[in-house]
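Can you keep this structure in mind? I'll have questions shortly.
Should a chain be cited, it is by its letter among A, B and C, assigned in written order, with residues numbered from 1 in that chain.
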Amino acid sequence: MSLDFTVKTPVFEGPLEVLLGMIEKRKLFINDIALSQVADDYISYVQSIQNERGFPIAEVAQFILVASTLLLIKSKSLLPTLTLTEEETQSVNDLELRLKIYQRLRNAAEHVAQRFGEDIMFAPLDRKNDVKVFAPDKDTNLPSLFASIQNALKNLPKKEFIPKAVVQKVISLEEMIGRLTTRISSNLRMSFTQFSGEHKGNRVHIIVSFLAMLELVKNGIIHVKQEKDFGDIEMETGEVGVPRYS
Amino acid sequence: MELDKKIEAILFWKGEPMSIKKLSQILSVSEEEIKAAIENLKIKLEGRGISLMEKESEIMLVTSGEASELIQTLTKEELSKDLGKASLETLSIILYQGPVKRSEIDYIRGVNSQFILRNLLVRGLIEKISDPKDARTFVYKPSFELLAHLNVKSIEELPEYEAVRKDIESFKSAGVEEEKKTEALSDSESLENEIQEDSELKANEDSI
Amino acid sequence: MELDKKIEAILFWKGEPMSIKKLSQILSVSEEEIKAAIENLKIKLEGRGISLMEKESEIMLVTSGEASELIQTLTKEELSKDLGKASLETLSIILYQGPVKRSEIDYIRGVNSQFILRNLLVRGLIEKISDPKDARTFVYKPSFELLAHLNVKSIEELPEYEAVRKDIESFKSAGVEEEKKTEALSDSESLENEIQEDSELKANEDSI
């Protein structure tokens, strides 16, 4: 064996990285206003990666989760009368928090990038002046060593499947979006009288196109679910980064 | 022989990290005495060709950062100086937020970190230990090797180390307060809020 | 950085005798300058736990005399200590897979084995030899004493030898298949991504 081993990890931008990029590009601070402004861009992005070959499905599910939270934020900004459930509010707050933490750590990563490998301190080489004495212990016997190799084999990394929790979340997400569509539609009918004056046409137009967007996201979720029904998740997630041999 | 000399001799001979606890056992003195002697040793090593590194309750002797180029010309080993984007991100989380669980790393990065963590473990840049709070799970923390690659003698020497930790703490506690506030307000939101949001609506119209 | 500090760093790192001639080559200064710096270093090492030993035209750093008893006790203790789970696992991999590179051991174990290998070497359980296929690197194999101790005349006598080797092989070739798959897919990935992946990959080679 003269080959080297490595674990190769595919490089793609994560869901928060993409979102933060969009916010920073517009020079916005992380808050609900900023999030509702980038919601459309983000959703088009999620649409685009779903058709990309080689993009791991497990990660698409994460993107859809973020997209759905952005939809909530956007719905609320379009229809202030819309009341979010406790869980929905929670996911909105959670997304903001994650983004803030991510942003802070990503900035800190600059320091790490700058210093890494620049002035390395070295651990000393093996001390060769040690007198070598054959010193086995009580476990240095065939049964123990056999048990050890068995254990090592058992612990070899296996392909990881989408955690059940994520799949379940994606499914309930579909329901959530269905409900959101209904809520917005009825809210729209109720609020029709509120939309008076010159903006009337515009607003209806905005909300109708927003509803269309909800449908698109819903399709995306169904797409992910189907991948699972066809049993493709296993294959797809394999690409998240199974150890490679080079 | 003074304690700090004994400690230096042991560390030199060992060439590996050693715990303060272990040193206190070997030398039959209290851990406090060991810690005081370490401070002495640090002073003696200031500006020398050797540095003392500290990580949690372990210490180790290494060549000083100043000698880096020199030793690099002597070493036959190929050095790992390049970090991919994902590695850099993951290492930064472990450095500034460690010890940290994989679920927390995944939460912050928003992607699955299983394989990047294994890669970093194999490279010796991070360590995986049982979570002291829950033996069934693991936490990840920086290794001496990682700190040595960053030329910091202890993690606190990392630029902005305290500031980053404090900022993230404050984000988290603000989040908790926000939650409480929302619960208190529930659906009886003030009229003022509604008006504000209404003006936001206008701002959003263009963006669609 | 002053010459005496540079010499200190090199000698500490090496832990072996070095000739003044060699030092003068490495540091690109005259032998006289090296000698003068050595005198300086001797003074600086007063009150430290390590001292400079001179023999003919060679010098090396050693633990100060008074610490030698301590070191002896420690050596004995280290040899009589139980190996522990991680060491046994590493030993079993070397037994079944040897001669094997450190990068391969690390890859199978999913962690860095540097210190463990050092300990197994000191205890005479394994040997480190130049890789016959690549003289710049090393491979590890079980020592004769270990095989005799286990009463194994040839490696094939190990329990389930073939099955274990097959399992490891299939783990490794699973990696090969994944690799091929990505290559086939790679045309849909952006060039930039590929380059990044590639540099990450290279960084990992042999630095492990």
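Note that a residue touches a chain if its C-beta (ideal position, glycine included) is under 8 Å from a C-beta of that chain, and two chains touch if they have at least 3 such contacts.
Bear in mind the structure is a predicted one, so any value in this text is a computation, not a measurement.
The chain with its Cα centre farthest from the Cα centre of chain C is A. The chain closest to the protein's centre is B, with centres computed as averages of CA atoms. With each centre defined as the average position of its C-alpha atoms, the distance from chain A to chain B rounds to 23 Å. Mean C-alpha positions place chain A and chain C at a centre distance of 38 Å.
Looking at chain A, one finds that residues 5-7, 9, 11, 122, 124-127, 157, 242-243 touch two or more other chains. The set of chain B residues that touch two or more partner chains comprises 12-16, 61, 63-64, 66-67, 71, 79-86, 118-119, 122, 145. Those residues of chain A that touch chain C in the complex are listed here as 1-12, 52-54, 122, 124-142, 144-146, 148-153, 155-157, 238-239, 242-246.
Residue ranges of chain B in contact with chain C, taken from their complex: 1-2, 4-16, 26-27, 41, 44, 47-50, 61, 63-64, 66-67, 70-71, 73-74, 76-87, 118-119, 121-124, 128, 143, 145. Of all residues in chain B, only 12-16, 51, 53, 60-68, 71-72, 75, 79-86, 88-89, 91-93, 95-97, 107-112, 114-116, 118-119, 122, 144-145, 148-153, 158-160, 164, 167-168, 171-172, 175, 178-179, 182-183, 187, 193-194, 197-198, 200-205, 207-208 touch chain A in the complex they form. Across the complex, chain A meets chain B through its residues 5-7, 9, 11, 14-17, 33, 36-37, 40, 58-59, 62, 66, 74, 76-78, 80-81, 83, 86, 89-90, 93-94, 96-98, 100-102, 104-106, 108-109, 111-113, 115-127, 157, 160, 199, 202-203, 206, 209-210, 240-243.
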